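Structures for review follow.
After this come two complexes, each holding chain A, first together with chain B and then together with chain C.
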Partner chain A sequence: MRLNKRKIIDRLMLGIISALAIASAIPIFAIAVNVYSEGARYISLNFLIDLPPPPVGGGGGGIGPALVGTLVLVALALAIGGSIGFFTGLYLSEFSHTRLAQYTQMFLQVMVEFPTIIVGLFAYMILVAPLKRFNALAGAIALSIVIIPYIALNVREAYKSIPYTLKEAAFSLGVSAPIAYLRILLSAARRGVLTALLIGLAKAAGETAPLLLTILGTTFTYFGGLDQPINAIPLLIYNFALSPYEKWHQVAWGAAAVLLTIILAIFIVSRLIVKEVKV
Partner chain B sequence: MSWAIEVQNLNVWYGDKHIIKNVSFRVPKNVIFAIMGPSGCGKSTLLRAMNRLLDLNPHARVEGQVKINGINIYGDNVDVTWVRRQFGMVFQIPNPFPHLSIYENVALGPKLNGLVKDKSQLDELVKQALQKAYLWDEVKNDLRKPASMLSGGQQQRLCIARALALKPRIILMDEPTANLDPVASSKIEELLLELKEDYTIIIVTHNPQQAARVSDYVAFLYMGELIEIGETSTVFTRPSNILTEKYVLGRMG
Partner chain C sequence: MMDSEKIFLLFLIVFVSISLLIVAGIVTSLIINSYPIFLRDGFSFIFKSVWNPVKEDYGILPALLGTLISSAIAISIAMPLAISLAIFSAEIAPTSVRGFINSVSDLMASLPSVIYGLWGLYVLAPILNQYIMTPLHQYLGFIPLFSTKPIPTNLFTAGVLLAIMITPFSSSIIREAYNAIPHHLKEAAYSLGMTRWEVIRTLLGYIKSAILAGAFLALGRAMGETVAVAMVVGNTFTLPRSLFDMGYTISSLIANQFPNAEAYSYMMPALYSGALVLFTIGLIINLAGLYWIRRVVTRG
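== the complex of A and B ==
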């Protein structure tokens, strides 16, 4: 009798926990279904290239300037934040006994949790206010600051995971530390490093808050130079969704579908990379 | 007599722990010199102090001198990469770079150190190294395949080829057969006897029988101290220290 009661409680609890686990995954599917059902129908080659439509009248238009802007900003952020993050991560892994590395790591862990709007505010102070103009460089710097901790901490993990005996093998060849770390051991850690860069890429492509105070978001010009305002897809979604025009709402939905596709593609690629790891 | 390597008053600490205690010895050229002793006696540390691989450990501190060709490798103005290039090193766990091909594993060192002028020279050097390591015949048709496909014994011979390709004077071996089966082990031991024609070999082993089989000279290390050193035949037949006697008779470690 008692045994039976235990069994029932056990089943019940398992059922509840399983239901909660499923529930936690519902939002991702709900969001994807929502975004694609509203936005997928607008996506076409022209949608990716064209200027946005005028608020009233005219054709369907597209997100060309915002897509170009996102590509420029992400490329710059990866170049700046990626290289700083990579070398920081390498330092954290190989000089983990130093106090500097320990403090740096602590600060980076704080930075991961940092409100990104504050990063945007900082970029505004140092790059927008002095130039008296919103500009692409400020946005790229803000995105770089946002992605540095993600890249650094993941690169650190990638290098930490290299077996010590391989490190000894590399240095026993009589090469300098840069050659050992970058020419020999980097390829042993390449999957982890690549994953780190992809995480940074996804983060840079999807962030909105650091861009609000830095790039402004041009609507009808593609790219006018790093010292000029520029647009980005998340910012376009924000601006157009808030507008009163039905046509711009449609463009925002289409842009949301494009952005989600980019993020999912990055996610799938990074999963494949991780899966490829052999024991 | 000119020596391959001279170790003078060498001390090593890990933090506060005194690992190697005032060890001195000299190794003649073209011999197999074995360092034997129970696990944890400091053998591997002593070996890594000889090519400054110990520098990788931020907690290690070294005092004393290690001389090759009269140059103290711990002296000022000595380039650590030059020091390491004088040695080839083979490790306890076969550790070829798993992501590289068999060819690349051997070619990497000479390529990065600029030992060869062109591709054909490199090909020749790789071939020679693999031949010297008794591996060429087994892999000559699979040079582009990943090193991870080789068996444990083959991987260890690949690591020996990798070490030989650097054209070192001295080969350091840290229990190179500890993780191999008896057949693969005896193949490596045969190889050692061949290699001493051209190189000086310093081998660390926790197996006194192996030291007896392969070495010309042997040092017995116990708790970081050098207990006894001499010609292998003498140390094994008439040990002068009671600890050595216990060890070689298998009553310790």
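== the complex of A and C ==
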């Protein structure tokens, strides 16, 4: 009798756990289905190039300026945030015994969890307020700051994972430190480093909150210089989804399908890289 | 030879210093910019419920409550899901699909929040309204929590959307700890004649600190999330009286009011000080999370 009761509870709990686990994964599939069923039909070459449509009347329009803006912002963020994050991560791994490294690592772990809107407030203060104009550079700096801790912590992992014997071998060649770290050991850690950069890339491409306070999201011009306002795909989705115009909602869904595709592509590439390591 | 090494070390330290300077800069900018309103009102603006730009009178209590309520809803829905998902992928699911489950979970964690927001606004909110909030209000409306007649965008919707967003993140922390449990412990548990559920329950006790860490870090994320919440929370500045009230959170208040702030003299400081409050709460919660995660690491 007692054994039966235990067996029943066992079955029951395993069932509940499985049901909850499956329920928690439903949203991602729902999101993918909804985004593509609502958004995919608007995507065409013209959608990627054209200016957004006027709220009422006119043709289908597109997300050209926002796509250009996202490319500019992400490229800058990856260049700035990527290099700061990379060298910080390298230091954290190779000089992990120093107090500076320990403190920096703690700060970065806290920084990863910073609400990103706070980064936007910071970028506003140092780059928007002095220039008295929303500008692309402020957005790029804000995105750089957002991705630095992700890249640094992941690059640290990548360098940490290099076997100690390999590190010893590299230095026993008698080459200088930069060559040992940046040519020999980087090639050993390249997949981890690449993954770190891809994580940063995905983060920068999808981040919205700091852009609200820095780039304004000008809708009808492409790129006018780093000191000028600019748009980005996530910001366009946010602004258009909250607008009262049905047509802009459609553009928002189309843009979401584009963004989701970009994120999926980055995700799949990074998975393939990781898998290759195991082989 | 020695020199190139020293120069390289210095070179690295320059970058490390930039990272540290940014952290310091962010904290300083919050303090400097919120200073004027602290000087004028002291701490009272945290506990006041007023947003009157014309009179330059600000208090962020409704937004603070909105942040606490929506993230409390989020964490209470997310934790059972996150623990289940972690156990399912580490213990119950066939080995061949575990990799797939983990990939899906990681993908969910890296989806941009604006996509969650768009989906939350146009798909989730109407569904919640029709099938959960309206029935709850109709049949249990006498309970104060459900007393407001719901419209699709409100604190509850924001909480559910946040729960969906933080579940995979929290789950991955728990999963890693669960997978790191020494194998002999699991074998010992089974050899006592325990059923699978009894083994799972015992092992969950063993990774209590990881579960706490997962909860705290996810809570920190929920509190700081901006755009997804701003899209579904209703953005209305009133003290919430029930879960179905439209509201604000601190971060959505900043996102929403910032464009107007330049025109007034104290709105900008009010928003920066809101961010400072959010930052302080978030810092405490995240440090608690990191503390618990460190306990997992040192024991493992």
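Note that the second predicted complex is superposed on the first by the 277 of 279 C-alpha atoms of A that agree within 3 Å, B and C clash if a C-alpha of one lies under 4 Å from a C-alpha of the other, contacts with A are read in each partner's own complex, and residues count from 1 in each chain.
To be clear about the criterion, contacts are C-beta pairs under 8 Å (C-beta built on N, C-alpha and C of every residue); 3 or more make two chains touch, one makes a residue touch a chain.
Predicted model, so just to flag it, every value in this text is computed and none were measured.
In the superposed model, A:117 lies in contact with chain C only, and not with chain B.
Looking at the shared chain after the overlay, A:176 reaches both chain B and chain C. Judged by the touch definition given at the top, the superposed model places A:165 against chain B, while chain C stays out of reach. In the superposed model, A:20 lies in contact with chain C only, and not with chain B. Shared-chain residue A:221: touches no atom of chain B or chain C. By the touch criterion defined above, A:35 lies against chain C but remains apart from chain B after alignment on the C-alpha atoms of chain A. By the touch criterion defined above, A:187 lies against chain B but remains apart from chain C after alignment on the C-alpha atoms of chain A. Contacts of A:243 after superposition on the shared chain: neither chain B nor chain C is touched. Using the contact criterion defined above for the overlaid structures, shared-chain residue A:125 touches chain C, although it does not reach chain B.
Residue overlap on chain A between its contacts with chain B in one complex and with chain C in the other: 95, 174, 176.
Here chain B touches chain A in the complex through residues 51, 53, 56, 58-59, 81-89, 91-93, 95-100, 108-109, 112-113, 148, 159, 162-163, 166, going by the rule given at the top. Taken together, the chain C residues at the contact with chain A in this complex read 1, 4-5, 8-9, 11-16, 18-20, 22-23, 25-26, 29-30, 32-33, 80-82, 84-85, 87-89, 92-93, 101, 103-108, 110-119, 121-124, 164, 167-168, 171, 195-198, 200, 217, 220-221, 223-227, 230-231, 251, 254-255, 258, 271-272, 275, 278-279, 282-283, 286-287, 289-290. Put simply, chain A touches chain B in their complex at residues 95, 97-98, 163, 165-176, 179, 183-184, 187-188, 190, 278.
Partner chain C is touched in their complex by these residues of chain A: 6-7, 9-10, 13-14, 16-25, 27-28, 30-31, 34-35, 38, 83-85, 87-88, 90-92, 95, 100-101, 103-104, 106-111, 113-119, 121-122, 125-126, 145, 148-149, 152, 174, 176-178, 181, 199, 202-203, 205-209, 212-213, 234, 237-238, 241-242, 249, 252-253, 256, 259-260, 263-264, 267, 271.
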